[in-house]
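Shared between the two complexes below is chain A, which pairs with chain B and chain C, respectively.
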Partner chain A sequence: MAKSKRFFTYLFLSIIAIVSIFPFLWMVISSTNKSVDVTRGRLLPGSHLLANFQKLVETTDLQLSLFNSAKISLTTTVLALLIASLAGYGFEVFRSRTKDIVFNILLLSMMIPFAAMMVPLYRMFASISNVAPGIGIDTMASVILPTVTTAFLIFFFRQSTKMFPKELLEAGRIDGLSELGIFFRIYLPTMKTTYAAGAIITFMSSWNSYLWPLIVLQTPQTKTMPLLISTLGSGYAPDYGMILIAIVIGTIPTALVFFLMQKQFVAGMTGSVK
Partner chain B sequence: MKKSFVLLLICMIMLTACGSNSNTKNNAEAGTTGAEKAKEITIWAWDPAFNIAALEVAKAKYAAANPDVKINIVEYAQSDIIQKLNTGLNSGTTKGLPNVVLIEDYRAQGFLQSYKDSFYDLSSSIKGADFADYKSGPTSLDGKQYGVPFDSGVTGLYVRTDYLEQAGYKLADLQDIDWKEYIEIGKKIKEKTGKALITLDPNDLGLIRTMIQSAGSWYLSEDGQTPDIASNVALKEAFEIYKEMMEADVANVHADWSQFVAALNSGDVASVPTGNWISPSITAEASQSGKWGIAPYPTLPGNDKSVHASNLGGSSWYVMNVDGKETAADFMATTFGSDSEMYQTLLTDIGVIGTFKAAASGEAYSQASEFFGGQKIVSDFAAWTEQIPSVNYGVHTYAIEDILIVEMQNYLNGKDIDKVLGDAQAQAESQIK
Partner chain C sequence: MRNANSNLNIRRKGVLTGWTFVLLSVVMIFIFYFYPMVQALIMSFQTGTGSNLEFTGFSNYTRLFDDSMFITAVKNTFIYLLIQVPVMIILALFISVLLNDSKLKFKGFFRTAIFLPCVTSLVAYSIVFKYLFAGDGLVNSMLLNLHLIDTPIGWITDPFWAKITIIIAITWRWTGYNMIFYLSALQNIDHSIYEAARIDGASATRQFFGITVPLLKPIILFTSITSTIGTLQLFDEVMNITKGGPGNATLTISQYIYNLSFKYSADFGYAATVSYSIVIMIILLSFLQFKVAGDKNG
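Our next item is the complex of A and B:
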């Protein structure tokens, strides 16, 4: 009985695993094939990996796009973690009569679809450009700033802070640490796993972010990886082998960040303080 | 763990340090352009192998005579350009808009009518009559010429001549056929070779569009606003032909572009009625050289107005009403607007079949294609281009097509044709106010 139950569990899990892994596998395999073979659905690795890669490097500014994406994602991640954790910490630790109202309003902002804010946001940045071109449209700042605080991340940090032992705060206060000192020297090191989970979530969404960068970035010099990939598929006769190698390259950083912090991510999602 | 975190932080600091450098560089560039704005123009287009490549040719030509003008060509996917244009125009600021933008003909009127003041009237720079007649519908508004017509979307019936021969036909037999005869040939081919005649995407009614345009008809009536579906004779015939293809079991089904191209390259289908832009995808399969031919487009049976020519896709250049518009208009007028020699280069080097009438008499247009069995395909296409009936694509082509895609499935499932088109008409009217 137990054995057959186990068998079905494994069978079920295997099917799910195949379903989730197959697209990745196909992507990697296809990046080694010619475009014609990709469209034919060839499932064997080919010998065109280098040729595809060479063509990609020759026809696009791959390095620049990777660099732009890295710059935006890393800056966003660090800033977002700092701001959201400060906010989440503040919401949970400090006492105020209005904080729950403010927090609920903040959560409501999650309900507004980005498409509704897009045009006003663009207008805003276009007019900022006249005054301060450094943070107006077509700059890194214009991509980073709107995503640097998200209600979700603040919510996430507030929830995690609920499990943070308040006795540690008291101890810190008694020992004469300033409030910021408590945050940076007690809270931050204790909540490492929460930060790791937050970092993965923010990095991924920033790295993959498409619509807003598309609208606000204007020149080839500022193109990010998703924009580059989107452009590759624009031809009347797209080269699928080349597109897929670009996608593989575009996937590596997020995969890397995830595997690097996988343990912490799981711990962070399930509650960080042991 | 600690180490990797520190590593990440160091990377970040280094990146931002480098980043601020490149930022200042960008700003410096922007500063200089501000001083002499009119001398720098930006152009948005898609497809590096086609539109962008054509732009590069024009840019080089123009730079020889105007070395002081800087032309920035920015590549985006077509859908990205639409998204960016919509947001930019919607926000009411000219900031970030390009000087010249490429727009697909089906969508052009939507932009022109909604944001007329944002586009620059080119009537004084180019003559609409210099281009294929069918292009005047999408590129002009209220008698003013806004677009510089670019590539021809002229259609042809691409066929596998080897399959044809096995079924007892020759390419010469296909010169004057209608869609019913086409299906009959398809049945023979299926019988002899087992290959499908055609491959269709249920979510793309491009074939229907080409059929009705060959009869000078469109989803919308001539004003470009009122849906013309229920009483549209050509559309009804096109629907019936489509169903007949499905029921005669001569059609393959594909779901996206890659499957479409795969069906051609693998030899699974015997013919493709589509725009001339498919040529590079077909010739990409070098092993099929000599096995393809291109016949004139079939007509709608029993429809007197239907001709052996139609259009699928194609796009045109538009100058935006922003700083630098005079320079942009001059660039467009001296290159795409008048240089028939340049069109020869575009054809031989890139494969662009333009719609500039004077270019068709050039040498490059009469070259024979080895892949297509020595056929002079370009001069055929150029001749067909001139026959394409001009229709007003209006502003709602894709909105109506979304409705028709659903109704087409109902029709294939047995719903009565008049009811199908009547329902589609009602939906279109309520959706398009």
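Our next item is the complex of A and C:
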């Protein structure tokens, strides 16, 4: 009885695991095959990887899109960590009743659906374009600015700051460090793992972000990887091998981050509820 | 006296420094979250094309009820919500309970494998699913080869099956994500509770409903609220798998807002009204979920 139950547990988990992995396998294998073979349902690695890649480089702005995506996500990550950690630290270390109220108001922003903000945000940046084209529509700034500050990340840093030993603060003050000095020289190095988790979660969502870039980035020169993949995928006569290698390339950065830093990855995801 | 005074000065200085730490984030969130929210509310009472908007009172709101496309989008969104969210949460709970067994082998492999879909971007996996579920795609040819079906299923082209495809896709992408939350909560449950239950002769099913579910209730509530908010805003998948078709059969509210603003002749006022319907739904549904969870608690 117990044995057969065990068997079904393994069977069930194996099926779920296979279903979870299969689309990845299919996409990697198909990126090495000719489009015709993909349509025929070939499930063995082929020899067309380089040919597919070459075609992708020749027919699309792959390098440009990769560069745009990297630029946007790395800038977003650095700025987001700085803004949110300063705030999380400030709300916790310099706690006051007014600040707690402000903090709770900020948390409310997590309930606001992006769909409800996208039209006013678009109009905001469209009117900025008239005055300061450098941060208006179709610029890197317009993608970064509305998404760089999230209440989630502030909350995440505040929760982690609760674990930060307060004696270190006192020690810093006695040594005559300024408050900012304490933050940068003591807090930041001590909280490395928190920063790592925050960096992963921010990088992931920025790298994968689609709807807002779709609205503000309107020229091929500013396109990010998700926009490139989406455009390729909506074609009527798709070249499967070529499109799937684009998807593989677009997935590599986040997959790498996941495999190299699994622990911090999970900490970043669940950090808010612990 | 002097001492008390200087102490006060340090305090006052502390208060000001504290505000400088949080100021930037407060300003950013007010500009990029609360201000647009208020703007959208104002716009929802205006009509016109492009930026020529005029106040027209509640006309946008009454228009909602006669707008068959809006009603279709709401219906579709609720079909996703009512089927997909419960299926995914139950599946994730079930998997995490199985994975929490201390005697289970290959635990790390199963956990990593099931979580893996979370690393893909929504666009990337949507395109992969679109190809896998195409008329001549791999899923159909597998089902045909296994003789489970005689004719290919219109996973993308049939109004009914297209909804199923979207539901399968979202479930694939998010089950592992929710599982991680349950797993980390399960690790905090004391094993002796289960020991005691086993000694009392409680079956696995009884342990699940009597111990696991009640103890995980806060986290189940959290995940069901985040999933609900996510589903109400569903966009990337539908846009990339079916484009809302066939004939609006998979259209979601977010996509309708996008179409109203950026695809048809820009009707920003009405789009803002539609977007506020999502805000209202999120508030109502979150309240309802809190209420349901609270009642069972009592």
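Note that the second predicted complex is superposed on the first by the 236 of 274 C-alpha atoms of A that agree within 3 Å, B and C clash if a C-alpha of one lies under 4 Å from a C-alpha of the other, contacts with A are read in each partner's own complex, and residues count from 1 in each chain.
Please note the rule applied: a residue touches a chain if its C-beta (ideal position, glycine included) is under 8 Å from a C-beta of that chain, and two chains touch if they have at least 3 such contacts.
Every value quoted in this text rests on a predicted model; they were computed, and no experiment measured them.
By the document's definition of touching, both partners, chain B and chain C, reach A:S234.
When the shared chain is aligned, no partner comes close enough to touch A:T190: not chain B, not chain C.
Once the two structures are superposed, chain B and chain C can be ranked by residues of chain A touched, with C on top.
Residue contacts after overlaying the shared chain place A:S129 against chain B, while chain C stays out of touching range.
Contacts of A:A70 after superposition: chain B is touched, whereas chain C is not reached.
Of the two partner chains placed by the overlay, chain B and chain C both lie in contact with A:V119. In the superposed pair of complexes, A:L260 makes contact with chain B only, with no contact to chain C. Using the contact criterion defined above for the overlaid structures, shared-chain residue A:F94 touches chain C, although it does not reach chain B. When the shared chain is aligned, chain B comes close enough to touch A:V78, but chain C does not.
Shared-chain residue A:G41: touches chain B and chain C both. When the two complexes are laid over each other on chain A, chain A has residues 38-39, 41, 118-120, 122-123, 126, 211, 215, 230, 233-234, 238, 240 in contact with both chain B and chain C. Against chain C, in their complex, chain A makes its touches with residues 9, 12-13, 16-17, 19-21, 23-24, 26-27, 38-39, 41, 83-84, 86-87, 89-91, 93-96, 99, 102, 106, 109, 111-124, 126, 145-146, 148-149, 151, 154, 179, 183, 204, 207-208, 210-211, 215, 225-226, 229-230, 232-234, 238, 240, 243-244, 247, 250-251, 254-255, 257-258, 262, 266, 269-270, 273-274. Put simply, chain C touches chain A in their complex at residues 14-15, 17-22, 24-26, 28-29, 32-37, 39-40, 43, 51, 95, 98-99, 101, 104, 109-110, 112-114, 116-132, 136, 138, 141-142, 172, 176-177, 180-181, 184, 219, 222, 229, 232-233, 235-236, 239-240, 243, 253-254, 257-258, 261-262, 268, 271-272, 275-276, 278-279, 282-283, 286.
Contacts from chain A toward chain B in the complex involve residues 35-36, 38-41, 59, 67, 70-71, 74-75, 78, 118-120, 122-123, 126-127, 129-130, 133-134, 136-140, 211, 214-216, 218-222, 227, 230-231, 233-238, 240, 260, 263-264. Residue ranges on chain B touching chain A, taken from their complex, read 1, 4, 8-9, 11-12, 15-16, 18-19, 22-23, 26-27, 30, 42, 46-50, 72, 74-78, 80, 83-84, 87-88, 90-93, 95-96, 257-259, 261-262, 265-266, 277-278, 280-281, 284-285.
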